[in-house]
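Several structures are given next for inspection.
Across the two complexes that follow, chain A remains constant while its partner is chain B and subsequently chain C.
And then the complex of A and B:
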């Protein structure tokens, strides 16, 4: 069961109903059962893994609580992190390392004792593992209280709106909400439903429709010219935004309906005027996690190195971000490219600010537009590696973009439907970015306009959405 | 909460009303379509009476020239192929056809069994009015019963097929849709190669392919299964299970895949998987020649 499956449309209202029929103090039990049912309906065996990570985290954090020595606490924290990272490493990286070693040794004429391994990644493992690590570190740093109720902790790690692809929430935000669940709020129900409807629009109308074009071109790189590859590459970031941004909004909406506030994962990223700003608006929960647990400690430890320390910390953080996505050279290069872009911005930041303020460039529309376009192009150029099957394919795409122009491959109906969806999405984002509070549709005070806008969006989804229950891109990570 | 329930009820009512209206409008427009894939499917399910029917996906849609069959065999022929479709869709359509009449020959492509996805979306607009279509949809995808309560869902992604189809007419090609080399949209600089075909039949798709053949044979039609040519030499991961279905006395099995007449001849191909018009004419004539030798009584008509 996923957010786009028909079963979810039955499961979710029943869960909401069950939740609200359960006394507030016992509601966590209903939510925990629903969360495990949700996960088991996708991958039954791997629910044991989620339970195992929860048990380990619970035991070690409670143990940390009663340990007095700082050294002992640290050991327990590291032990738990190692334990809960083991399944992630095994499922995500063991196959890649094994197969890499095998092909490397084969080149030298030696043999590797293990066969080629291809493991099915337990869905959501990267997300809930990070949540469990975050909680462990927060307990160690005494930023959150140790959760004494194993059921609440289990709910935090397996909460069904977040378990498959985040947002990677923080215990400091979620645990208090699980402990003190509130009453039914009319505003939560309506704003949650609005988020869900818009999330489905982004996923089904924008992302899945663009995916039809991007997949056709990217799955047959050899036979497409540079123009088509460039066009598909430019559409791909919007596809990912629609897919993951849409997923995140549905997750936020479901959580909101159940009475929980979850951090936003996207904030109109394509209106960013720099790569640094882009990463404050794109996959916010992951970047915040990486900033808090990787970048800041690293940068702090290298503070005496000045700018060099910052650059090293940036490169390591985004290298890890790439590896987090996939144990593949394509994502390593993708991560390094982000690190390089950000480092360049960090190095030139002071100079740039002084030029901008001297000529008041920040208020000039052409300068803003130029920076928005440049940021988009930089992100697109890195995402070519993220989307290509391997580095050779990515390089071939680059080569063709610059050397093999030709007529654009056109799938008329796909592109027309995509154009409609993308236009609506960008007009809304543009309005929200530059004219917040103006020309509201979903939040209009006039009930007729509000209802009309719900109905229009719902029927755009029904008539032009790709309704084949496709998976979300980030499930693979 | 009362406020939410009341407003929610009004909104649901409005949604249902809009859905009904959209269903009525789209239904009217759908029945006025005179060209394109929507017309093709409507013609197959509702109207066709042709003696030879060509069924399958894009390989036959753009690869078999209906008029050549008609002229050479003296039988009416229509090409019901539909781009990107599968055996599940074709099975639903066949049930309606044989309920109406018995085609003398049904030519069907093998490749539709290699499409694992059991999508029957192309049948949705016929759900309410055609019993066998309805039964097929419910048999293949039972959950659609609930989704198809929505009439807008029934016409999902059809707007851009319906509207032009009302105002345009297809040329008199009997459903055949030619592709011309000059229209190649991809950067083809074709070099023949050996391709390991990734598509795999599933137990389910093979099962429905078998059901399709049994249904056509039991209705009294001659079934001809063809594998269309590909530009490259093709190897399959597994063929044995599929071959059991097509290599028996009830079926005439004609393989043109890896046929030296076509493989590697770029002037016959539109892209790696589809023949252009020139290639389609050559293939159709080959099939006519071959079936004349396999079906007694057909050899009285001259080959063009």
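And then the complex of A and C:
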């Protein structure tokens, strides 16, 4: 069961109804059962993993609480992190390590005794593992109190709106909300539904429609010219934004209806004027997690090296981010490119600010537009590696873009529907970015305009959306 | 060292790190109030504070610095 499946349309209203009928103090039980049912409906066996991670995290954090010595606490924190990371490493990287070793040994004339094993990655494992690690570190740092109720902790780790692809929430935000649940409010219901409708629009109308074009071109690189490859590459970031941004909004809306405030995962990333700003607006929950638990400890340990320490910390953080996406050279290069872009910006930051303030460039529309386009191009150039099957394919795409122009491959209906969807999305984002609070549709005070806009968007989804129950891109991570 | 003295020295550091000579610190001031106070520049600021006040922070201390006031209190506790 996923957010775009028919079963979810039955499951979710029933869950809301069950929560409504359950006394507030016992509602965590209903939500926990619903969350496990949701996860089990996708992959029954892997729910044991979620439960195992919860049990380990519960035992080690409670143990940390009663341990007095600092060294003992640290050992317990590290022990739990190692234990809960083991399944993620096994499922995600065993195949890559095994294949790498096999081919290396084959090259030296040796044979590898183990057969090749192909494992299906348990959906959401990265996301709930990261949430459990975050909780463990926060308890160690005394930023959150240890949760004594194993059911509440289990709910935090398996909460169905977030379990598949985040947002990677923090215990400091979620645990107090789970401990003190309120009534199911009408205002939460309406604002949650609005988020969900817009999320479905982004996913079904924008992402899945663009995906039809991008997939056709990228799945047949050899037969497409540079112009079509460039065009598909430029559309791909919007496809990912529609897909993952849409998923995140549906997750936020689902949680909101149940009465929970979850952190936003995207904030109009394509209006960023630098790569640093882009990463404060794109997959926000992952970047915050990486900043708090990887970048900051690394940069802090190298703080006396000045800018060199920051650059090393940035490169390592984004290299790890790349490896997290996939144990593949394409994502390693993708991660390193982000690290290099960010390092360059960090090194030149002072100079840039001084030039910008001297000529008051930050207020000039042409300068803002130039930086927005440049940031988009830089991200697109890295995402070519993220989307290509392997490094050779990515390099071939680059080569063709620069050396093999030709007529653009056109799929008329796909491109027309895509154009409509992308235009609506960007007009809304543009309005929210530069004219917040003006020309509201979903939040208009006039009931007629408000309801008319719901109907129009739902109509567009039904009319132009790709309603084939496709998966979300980030499920693979 | 008096609190005012700490704030004065800290002001000099803030102005240097964030390249803004007009910065005036107040206890409730957070990263949201200062342009360029990001996770990147925060580490540089911490290193400068350690050098200036001849103190050493622990990783855990970073989480206690919710605002400038908390930062001043933490510095004073280490002097």
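A few points about this structure:
Criterion: the second predicted complex is superposed on the first by the 477 of 477 C-alpha atoms of A that agree within 3 Å, B and C clash if a C-alpha of one lies under 4 Å from a C-alpha of the other, contacts with A are read in each partner's own complex, and residues count from 1 in each chain.
Convention: a contact is a pair of C-beta atoms (placed from the backbone, for glycine too) under 8 Å apart; a residue touches a chain by one contact, two chains touch by 3 or more.
Computed from a predicted structure; not experimentally measured.
Once the two complexes are overlaid through chain A, chain B and chain C fit side by side, free of any clash as defined at the top of the document.
Greater residue coverage of chain A by touch, when chain B is weighed against chain C, goes to B. When the two structures are aligned on the shared chain, A:263 is found in touch with neither chain B nor chain C. Judged by the touch definition given at the top, the superposed model places A:273 against neither chain B nor chain C.
Contacts of A:458 after superposition: chain B is touched, whereas chain C is not reached. By the touch criterion stated above, A:189 is placed in contact with chain B alone, chain C being left untouched.
In the overlay built on the shared chain, the residue A:350 is in contact with chain C alone; chain B does not reach it. Across the overlaid complexes, the C-alpha centre of chain A sees chain B and chain C at an angle of 160°, to the nearest 10. Measuring only between alpha carbons, the smallest separation of chain B from chain C in this overlay is 37 Å.
Against chain A, in their complex, chain C makes its touches with residues 19, 36, 38-40, 43-44, 46-47, 50, 59-60, 62-63.
The part of chain A that touches chain C in the complex is made up of residues 141-143, 276, 291, 295-297, 299-301, 303-304, 306-307, 309-310, 313-314, 346, 349-350, 353-354. By the touch criterion given at the top, residues 1, 3-4, 7, 10-11, 14-15, 18-19, 22, 117, 119, 121, 143, 146-147, 150, 152-153, 155-157, 159-161, 185-188, 271-272 of chain B touch chain A in their complex.
Residue ranges on chain A touching chain B, taken from their complex, read 6-7, 184, 186, 189-190, 220, 223-225, 228, 404, 406-407, 409-410, 412-413, 416-417, 447, 451, 454-455, 458-459, 462-468.
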